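Both complexes below contain chain A, partnered by chain B and then by chain C.
Presenting the complex of A and B:
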């Protein structure tokens, strides 16, 4: 089921790539992608904060639709953690979190170059472990909210930096006192990266 | 092309024997280790091995704390796989100990409790047991009273055709007399009888033959 959702989301992205023009009533298809390095600062009494150490990871997101200053998009991030407590986590060297999410952002232009963008979002999460023979992953969901600053350097390229609160909840069956420890994770995600507006030149050409 | 397909098939078969896990379920192993006097044993290296019919993985390890306690949390092994706990005291005076083939049916509230006594090698001897039947009775049970050392526990069900399998060796503490209580069933009279024999233990390994 989760794989179908992934295919569906990717399909929507592919469809949106083919669209360039307004879809009416101020609603527009976007073609803006974002690639970021993400470092999660984990906190709380849970396995991510107490039994693992974040290395960081990459995030890729895609602004699909915009309506006035609202933006809707899809994102995926993969974060790597070193296991520091084998007694709680098992004989692993690292774990990988994958967050697949949709988001809604609102643009506050500060000046010609700088834009602040608060965002909220959420979606599917999973934790993969590095034992070679692992067949299953731990599934769950994520909720995120934060602020992103985007600094435009060229017409098609801008840089971004963000600070997001990310909450994960994972499915778990275990001893009662460890349910919360293994089922949730909280982090402040610090991110920095680049935005590329893919359809910039084509739109410019059309205006002429 | 055929070789490639053959290789892919072989790889698939080979990897299908791996131990697989379901990390959405996690079991806790709680151990408490003491010596024969009840003193907690610290720094005992403990490892959990997960196994299926084809393969096994060391999936967790740790050391007991100053109170002799250790909690290890591991993912559920799929397809009725089992677990083994291996205790290896850092102090070589102590004997290693294992609890083997623990089935998942023995977990209560996702927890398996293993409270074990670990013996100093120098304080115990090996009591070798032989069983000599007259042919008129069958042996139905054997138990010991006295300072008996810990033995490995194996939860794998041996194929004994329903017959009782008595212990053939036990660790016994030196300089004591242990009581061996056994139950027999007499074929002719169809009666069950329980008897006890005393076995003096000195400072050397010994062999004892139980005639019934």
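Presenting the complex of A and C:
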């Protein structure tokens, strides 16, 4: 399943490279990448909030398609947590969450430079031990909704800041009284980063 | 410099046992002395021999007993179903810089496997720690000859270190056991001749008095 998602990501990305100027019925290939630092504020009665402390992580997302003011894309984020409660978590020092998701956003331009963009999305999630691990992961899914603000500084570069609600549901095998504790996580994710529009120069050239 | 890089690599890429992160096993254990009195502050650890070198250095879970001698917690098990798990109490305690000498001997239960955990619970609810003067030695003599292997060795009785169920040909399983004085212990095992794969089962009772006992297996 994970491999299929990765191939899908790479395949769609490569196709977008080739077809970047294709336009049909208002649908456009829209190559914009975004790199962000993400800090999740975990809450609720679950192992992410009560037995671990977030260090933060990185997110990479790729706006693929746009239709009028709607934008569709794919993203991946990797968040690292310090284990603070060994009784609940065992002898783990760190865990990390990987969220792989697709999203749909709608742009509200406030002025020439500032755009607000509400987004919803969801996809596959997994929890691993340590920073990188080849052990069996805890698989699950994520749902996300939030608002991103983008401030354009140059034609191809803009900065962004976001606030998202992220909900995770994971598979778990344990005694019934601990199923909820280990099977869900919820957080408010605060993010900040940079956007780069990859095809900016070439499009400018074509207009001439 | 090389050591620092190696350490950094271990931290970045993870070391120790591979965990099955979608499972959590629960332990709820009371540590008491031979009179049933709770022992607070005892260090308990579940570990695996992650490098198969005879040393149970891969910690799965650890902690100290509370004032009532209880310790409760969860841990993700090793990924392999056949990984041998050891439960030890009163071993070397990384939480304590200057450990206070304890009157109790080290306790170890070797040979737990994932299949021994019923409904995700550790099949041990009480551990008895014995004082040195309450214990003596039981030395097991393995059959002579490299063709003999002890399979499915298990014990009942009051031990300070005992084998839950395991094969004794493994380099990390001891043939030197510490047992409470003045009792009868039972040993169950089979001896397999690897030349012809013939196996003979044994159920034996060994009388333990005040002095150390040597017992030949498969005789």
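Just so it is clear, the second predicted complex is superposed on the first by the 203 of 208 C-alpha atoms of A that agree within 3 Å, B and C clash if a C-alpha of one lies under 4 Å from a C-alpha of the other, contacts with A are read in each partner's own complex, and residues count from 1 in each chain.
By definition in this document, a residue touches a chain if its C-beta (ideal position, glycine included) is under 8 Å from a C-beta of that chain, and two chains touch if they have at least 3 such contacts.
Bear in mind that the values here come from a model prediction, so they are computed numbers and not experimental data.
In the three-chain model built by superposing on chain A, chain B clashes with chain C. Of the two partner chains, both chain B and chain C are touched by A:178. In the superposed model, A:112 lies in contact with neither chain B nor chain C. When both complexes are aligned on chain A by C-alpha atoms, chain A residues 86-91, 127, 129, 131-139, 170-175, 178, 182 touch chain B in the first and chain C in the second. Interface residues of chain A facing chain C in the complex, by the touch rule stated above, are 86-92, 95, 127-139, 170-175, 178, 182. On the side of chain B, the complex with chain A involves touching residues 15, 18-28, 55, 57-62, 70-75, 78, 109-111. For chain C in complex with chain A, the residues that touch the partner chain are 11-14, 16, 18-26, 59-63, 71-76, 79, 119-121.
Residues 86-91, 127, 129, 131-139, 170-176, 178, 182 of chain A touch chain B in their complex.
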